[in-house]
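Given below, in the form of structure tokens, are the structures.
Look at the two complexes coming up: chain A is in both, with chain B in one and chain C in the other.
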Partner chain A sequence: MRFFAYPAILYLLVLFYLPLFIVILYSFGFPNFSLNYYFEVMRPIYFKVLLNSIILAAITTVFCFLLAYPVAYYIALRAQRWKNLLLVLVILPFWISFLLRTYAIMSILTPLGLMFTFTAVVIGMVYDYLPFMLLPIYASLEKITRSQIDASYTLGASPWKTFLKITFPQSMPGVVAGVILVFIPALGEFVVPSMLGGVYTTIGTITWDLFLRYHDWWRGSAISIIYIAAVLAALAIYMKKAGRIEI
Partner chain B sequence: MAEFAVELEEVSKRYGNFEAVTNIELAIRKGEFFSILGPSGSGKTTILRLIAGLIFPDKGKIKLMGEDCTFLPPYKRNIGMVFQDLALFPHLNVFENVAYGLRVRKIPESEIKRRVLECLEIVNLDPRTFAKRKINQLSGGQQQRVAIARALAIEPAVLLLDEPLGSLDLKLRQHMMTELKRIQKNVKTTFVYVTHDQTEALVMSDRLAVINCGKLEQIGTPIEVYEKPKNKFVAEFIGEMNFIEADVCEDRLISEIGEIKARVNGLRKVVIGIRPEKIKIGGDTENVFRGKIEEKIFLGGQVKIIVNVNGIEIKCLTNHNGFREGDEIEIGWNSEEVAIFEA
Partner chain C sequence: MMRLFVFIVFVFLYAPIAFVIASSFMEDGSFTLKWFENVFEDKKIATAFKNSLSLAILSTLISVILGTTAAYAYLKTNMRFESIFYTPIVIPEITEALSLLLFYNFTSFPLGFYSVLLGHIAFNVAFVFVIVKARLAGYERSIEEASLTLGANEIQTFLRVTLPLAMPGVIAASLIAFILSWDNFIKTIFTTGPGFQTLPMLIWSQAVRGSINPTLNALTSLLLLISMILAYLYVRISAKRK
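Coming up: the complex of A and B.
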């Protein structure tokens, strides 16, 4: 049976680890090895870009959470027979290409005079990432039975206290998963910022420019590796904190 | 001090076009083990949820400890409830589940600890073994006990139990029945127990209410309800009973098995009910009928025989094991043993 795993392993090796290895080689100046490219991309201007990315990803994550939670709550615990229909409505936009959706957003933002602003980028990002927050939260809320909430009421807890002590803690695994699923890709996002934001540079847009506009594979690789390391570090810290939440 | 823990006055509740309960009149005494017995869909859980305040009635009044609380939300009622699916909180351990209602009430930590340990003792769970356990590390019976302890911890005026034994196997169910009765005697709280299982209701209750199609059929002690069922439904639902249709001709009853002696007032068509264990074999009774044994079922301590009397099957219970299928025997009963219902 092990045999069936080989194609997938091969696929990963050739299309993920090999390119990653090449990127690492280039970041060290391939074919003339040096650490110069790392020193170059450690300049303040790149830190400013990294900070831009973190701010954008954080704001996107927060807005996704604020918008997704009430909807997920409603679908999971209140919608009853409308549940499946509402879930389909959440997923439906994802049957359309990501680029097309972003162009659709442009056609709404242009008449509002919002194009090429930070607000436009945030609106576009939240729109594109919302379901990645909503679905895991929904999945964890869905496991809570109505009778648990009733039990909390009969034990003397008001609806608000019940939410804080019963519902929200049990949805934490979904919130943790949603934050990871939104924050990480949002951090590296380049399509939405470059299409809706104009000059708003993020780690994603700058990597894109270095590779494809200036064909500077070495600096592009170095900044990618720093980005990957930063994400892994952030993830490790986050998982360690989140792992303490009793699930 | 009011005499009753729970009073329902002409309470009705409908869901859309469906009349879940109609004009329920109920007064449950303090300290009583009271059961609400009925088939599934009869409205018994609706009554419980009305008492808990999880739903509100369309009509009528609900009083707890003599005070009107018809529209009081559940979290202001001080009632405990054990749910059918137990509804334990999976993200909290046993201790925190039981402590939940006390923490919500902002009771001091030392008092919470004392009370939780006490409640775990009451339900026979050793706190040293179980306090730190997670809910999914407990067996069905242990989860049951945690649910009861959690509801008792807040020292409720009334403890409501919604078919809590339904999910347990027979042995454990029988064990939990005696346990529940013991716990109730111990804490002296009013228990309102909803079930569709007549054995549970008969074994545990001080009094019980039989309900069908959202209407109250009879209230009484288990013995009253068993011995003097008010109508055919109660007679059929609790225990076993033979029914024989008969026409009234002056002071005689004419039925398919022959003439039956019984006291009837002002009815033209009746149904006679007789419990299998009240039927005597051997012809030493006021009414005697001849029949043939169709089937003999060995029940352990007793033998159930089904006798065909003129085409009507009559079930009898006896301690005597000497009969064989096909035997002709005489069966009968005394007039005071039968129940008479309007046809």
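Coming up: the complex of A and C.
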């Protein structure tokens, strides 16, 4: 029975893990060896790009959270007969590519005269990433048993206190998952800033330029390795807390 | 208060999509199919459509076969290899895309249809594995044991017993694999070569210059509608197991 697994594993080893290894090679100056590319991508011009990306990703994450939490709460605990419909409406955009959805938001921003501004980039980012915050929060709120909340009310706690002491703490795994699912890919986001932002540079746009415009595979690889390291660190923290990944 | 807020968020989520679709049926405020006629008459779009479709169909077929058999092996043996399949899902797409580009460059693999296809299969395999595994995890093992006791060999049991049981999971996984390949942009553009263009690349090349026009709206609407219908089917199929 074991041989059933080999083709898929072999496939990923050759077309996923080996390519990642080649990125590591290039980041160290392949075919020579040097650490220079890592030092170079720490220089101020690149550092500014990194800062831009962190600011944009942080703003996106905060807005996504503020919009997603009440909606997830409503669907999980209040919606009743609308629950399934609303859930479907959240899941559909989750699976649709950012290119199409960014085009959609672009078609509204253009007549509003908002294109090529930082505001446009933020609106586009929040629009694209919202389902990635909403679904994990919904999943953790959904698991809360109604009786716990009722017990809190019976014992005299106010709705607000019940929320802070019972509901919110139990939804924390979902919030952490949502923050990771939004913040990490948002750091490297390419489609939104380049379609809506004009000249706003992020890790995503600089990676694109280094690879596809300048064919500078060495600096591009060094930046990517730093980015992957950040991603893996965030995931390790999350896995330690939540134990597994769900989709 | 809360209802109003929820309502506004859903308007935010769907207004842009509704707007693109509506505006691709409009000319000076009245209904028209002209923009869709433009889409269907355009030779460049027709070629890109054919490319996108063959990519999606082939990558779905191959990744479903690879991913389903791996999910089956995972549940039947004590091999704990599932993290191999999680990494491609959690790694940012742009990282995967550029690593494939470097790999093709390193091995002098010619860029074009096959380089794109091989890349699409890589992430689809991971998604198929996770979705089918989740589905197979919940079924009754004794049916398989009965099949083996009654003299069927392992391959017959897999084809006649396990596969039909796993079918809803396999269909759900196929739909997701198809969508992810059909509207993929980042991995495609990093691994494509001269002369091979897909529909998302076509949309990108015009939209990035800020030039949106009704014909492009119509094309995007078509892609959006196809993806949304497939995603809806996926939701319906995967909801049935509960």
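Throughout what follows, the second predicted complex is superposed on the first by the 224 of 247 C-alpha atoms of A that agree within 3 Å, B and C clash if a C-alpha of one lies under 4 Å from a C-alpha of the other, contacts with A are read in each partner's own complex, and residues count from 1 in each chain.
Operating definition for what follows: a contact is a pair of C-beta atoms (placed from the backbone, for glycine too) under 8 Å apart; a residue touches a chain by one contact, two chains touch by 3 or more.
Given the structure is predicted, the values throughout are model-derived calculations rather than measurements.
S.K.: Taking the superposition on A as described, I'd like to know which of chain B and chain C A:S152 touches: first, second, both or neither.
M.R.: In the superposition, A:S152 contacts chain B only.
S.K.: Looking at A:F116, would you say it contacts chain B, chain C, both, or neither? Reply first, second, both or neither.
M.R.: second
S.K.: Touch test for A:P169: chain B only (first), chain C only (second), both, or neither?
M.R.: In the superposed model, A:P169 contacts chain B only, not chain C.
S.K.: For the overlaid complexes, name the partner, chain B or chain C, with more touching residues on chain A.
M.R.: Of chain B and chain C, the partner in contact with more residues of chain A is C.
S.K.: Taking the superposition as given, does A:K161 touch the first partner, chain B, the second, chain C, both, or neither?
M.R.: In the superposition, A:K161 contacts chain B only.
S.K.: Looking at A:F47 after the superposition, I want to know if it touches chain B, chain C, both of them or none. Which is it: first, second, both, neither?
M.R.: neither
S.K.: Which partner chains sit in contact with A:Y214 here, chain B, chain C, both or neither? Use first/second/both/neither.
M.R.: Neither: A:Y214 stays clear of chain B and chain C.
S.K.: For A:L100, select first, second, both or neither according to whether it touches chain B, chain C, the two together, or no partner.
M.R.: Once the two structures are laid over each other on A, A:L100 reaches chain C alone.
S.K.: Check the residue A:F39 against both partner chains and state whether it touches chain B (first), chain C (second), both, or neither.
M.R.: neither
S.K.: In the superposed view, which residues of chain A touch chain B and also chain C?
M.R.: 247
S.K.: Can you list the chain A residues touching chain B in their complex?
M.R.: So the residues of chain A touching chain B come out as 145, 147-148, 150-158, 161, 165-166, 169-170, 246-247.
S.K.: So in the complex, the part of chain A that touches chain C is made up of which residues?
M.R.: Listed in rising order, the residues of chain A that touch chain C are 1-5, 7-9, 11-13, 15-20, 22-23, 26, 67-68, 70-71, 73-75, 78, 84, 86, 88-101, 103-108, 110, 115-116, 127, 130-131, 184-185, 187-188, 190-191, 194-195, 204, 207-208, 211-212, 217, 220-221, 224, 227-228, 231, 235, 245, 247.
S.K.: Which chain B residues qualify as touching chain A in the complex?
M.R.: 52-54, 73-81, 83-85, 87-91, 100-101, 104-105, 150-151, 154, 160
S.K.: Write out the stretch or stretches of chain C touching chain A in their complex.
M.R.: 2-3, 5-6, 9-10, 12-17, 19-20, 23, 66-67, 69-70, 72-74, 76-77, 79, 81, 84-96, 98-103, 105-106, 118-119, 121-122, 125-127, 129-131, 154, 176, 179-180, 183-186, 189-190, 200, 203-204, 207-208, 210, 212, 216-217, 220, 223-224, 227-228, 231-232, 234-235, 239
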